[in-house]
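Labels A, B and C are assigned to the chains in the order they are written; within every chain, residues are numbered from 1.
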Amino acid sequence: MNLVFHDIIPYIPQLLSGLAVSLYVTVICMLAGTVLGLFVALCKSSKNVILRFLGNAYIELIRNTPLLVQLYILFFGLGQLGIDISPLWSALIGITINNGAYTAEIFRAGLSSVPKGLHEAGSALGMNKAQIFRHVILAPAFRTAFPALTNQLILLFLFSSVASIISLEELTYQIMNVETQTSRTLEITLIAAVLYYGCSSIFVYLSNAMAKKVFKW
Amino acid sequence: MIQDFSWIHIIPILKGAWLTIQLCFFSLLFGGVIGVILGLGATSKNKLANVLSGLYIRLVRGVPLLVIIFLVYFALPMLDIGINFSKGFSAVLALSVYAGAYMGEIVRGGIQSVPKGQFEAADALGMSYFQKFRHVIVPQALQYIIPPGIGFFIALIKDSSLVSIIGYIDLTKAGKVVSNLTFNPIASFLVVAAVYFVICFGLSKAAYYFERRFLQTNA
Amino acid sequence: MNIQVKNLHKSYGKLEVLKGIDCQIREGEVVCVIGPSGSGKSTFLRCLNLLEEITSGQVLIGDYDLTHGKTDINKVRTEVGMVFQQFNLFPHKTAIQNVMLAPVIVKNVPKEAARTRALELLDKVGLKDKANAYPGSLSGGQMQRVAIARALAMDPKIMLFDEPTSALDPELVGEVLNVMKDLAREGMTMVVVTHEMGFAREVADRVIFMDQGYIIEEGKPEEIFQAPKNERTQSFLRKVI
């Protein structure tokens, strides 16, 4: 068995541009999804029945249906309603909405892991609810959630490949493209593994480095 | 010829759902077998088994499922052994390869959750490797394996939607076909989403009651 | 600032924890509350800054009526400091940040003034050199002293202590009690739920013995410790001393 890579060399720029799109989608959707998830987690732990119901419904609906179907509804559905939406925007919106449901659960777990005593200490010092949340609860909750968020980032990166099905020209799209052009299945497999696995490892490394910097306590 | 979306279109979608369930059942079965082997390998004292199991688990978990599906689909015909593999076979194979890695990780975690003293106690009683696992380790490890295993099965049902791209008529593909037929993607995919929801949500609720009822031993 | 408690009841569902507490604490008084676990003494203390909702009865802190719906409870809490058994320091903030936080965000004290005051307070509890340490790197005794400084930073008129030394290793209890003694000497109004009978005897102006949701007996420390009248007080003291 010998591996032949020279057929693939001309396609390197394509692969790299695909990788750039994948990373772009991943970073944007992680940031936006984190904000969304935090907001939903707050809804879910609120005392307002309607907010709680909406938060729950969103989380359950998203987590119990496939990302691909969600993207189809967004991409083809909006088209049916006469709204033209590009694959990139479909991916950014769809994956953010998907990601938000998962980060919401992560944050909910993080928030409920903060000892009751910290709430009480804040109260006893005369802080109001918003102040307690912002100054007392948020940082410890975020720290607890951080490993799960890192994990979610990697899952998000891998699953952003689903956007290739709605013809977003990201890494998987380009990998399949090169495979059809060259028929070098095994070589392409290796390249895909190296690129995806390599980037995931870099994510883990960066996130650990960030944790060290941010969580000095 | 454009048809209006109507209740008739529910039938192919439900057929697709049935195929999705079958697909996931067999994939979990084969993936489970792979997972047990990998889990044992990853926790064994044998260096080679250790390295190979770890490599498989990390590699497969490091690559998107979509890439695995494509590559299995493209690579199978290259074996060139005179057999025409069906799309269903490719789909089950790809999902089994994928499930194997995740189940392997779950089994490894389950075995490692059993306190070390249990292994030592079994060894001290002169049990063989097989006896040790059969009577001591597996019964205890199961409670750490079943809940995440069910969780993974539910995830697998959602993830299996990706085999629709190689043309296997699962639930998602059935929705795509109906959508193309009726030019009504919203209705088609909402129905598909609803069916996924019923299956996954129902399973997770059932699992929740099952776990509370039967897995309370060490809680 | 005086504390007046009238017929205070507290229930969790069907379980009644406080069954009608009446007591008065005058400004400058140091009162120790003792009693077996489950007697309701911590719950009583936590009713004084409304960490526990009051089921019925009346609690007056100075002119504030805690049981009156319109009272701004956060305003009252700036006047009533609390020290917890488990310290409850904010883990993501350094010692000095813990002390500064509430004055800055609740009382809008300028940061620099808050920092100067925080350093003074840390110095007072003997931890000036730990100002920039995170709680995770401090001993239990040090954490509790920071927690006391944190409560004092709000310039409270009253300090509540909820078993402040119960979570400490025995050799660390002394350093915390010493800080509390200083505070008592300076005339702070203090309510201390404690198992430290030595501290109660030495520092308290008055000792309250609680059991099963009632105040069974109260009086000067020498009365309670040397000549307890009630049989339950006697049996409790026999067990702990």
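What to note about this one:
FYI, a contact is a pair of C-beta atoms (placed from the backbone, for glycine too) under 8 Å apart; a residue touches a chain by one contact, two chains touch by 3 or more.
These numbers were taken from a predicted model, which means no experiment stands behind them.
Counted as hops between touching chains, the shortest connection from subunit B to subunit C is 2.
On a Cα centroid basis, the chain most remote from subunit B in this structure is C. More C-beta pairs touch across one of A-B and A-C than the other; that pair is A-B.
Relative to the whole-protein C-alpha centroid, the nearest chain centroid is that of A.
Centre-to-centre, using mean CA coordinates, subunit B is 56 Å away from subunit C. For the pair subunit A and subunit B, the distance between C-alpha centroids works out to 22 Å.
With centres defined as mean CA coordinates, subunit C is found 46 Å away from subunit A. In subunit C, no residue reaches two or more other chains under the touch definition. Put simply, subunit B touches subunit A in their complex at residues 58-59, 62-67, 70-71, 74-75, 78, 154, 158-159, 161-162, 164-165, 172, 175-176, 179, 183-186, 189-190, 192-193, 196-197, 200-201, 204. Residues 49, 51, 74-78, 80-82, 84, 86, 88-93, 101-102, 105-107, 134-136, 147, 150-151, 154 of subunit C touch subunit A in their complex.
Those residues of subunit A that touch subunit C in the shared complex are 115, 117-118, 120-121, 123-128, 131, 135-136, 139-140, 143, 215-217.
Only residues 60-61, 63-70, 72-73, 76-77, 79-81, 158-159, 161-162, 164-165, 172, 175-176, 179, 185-186, 188-189, 192-193, 196-197, 200 of subunit A touch subunit B when the two sit together in their complex.
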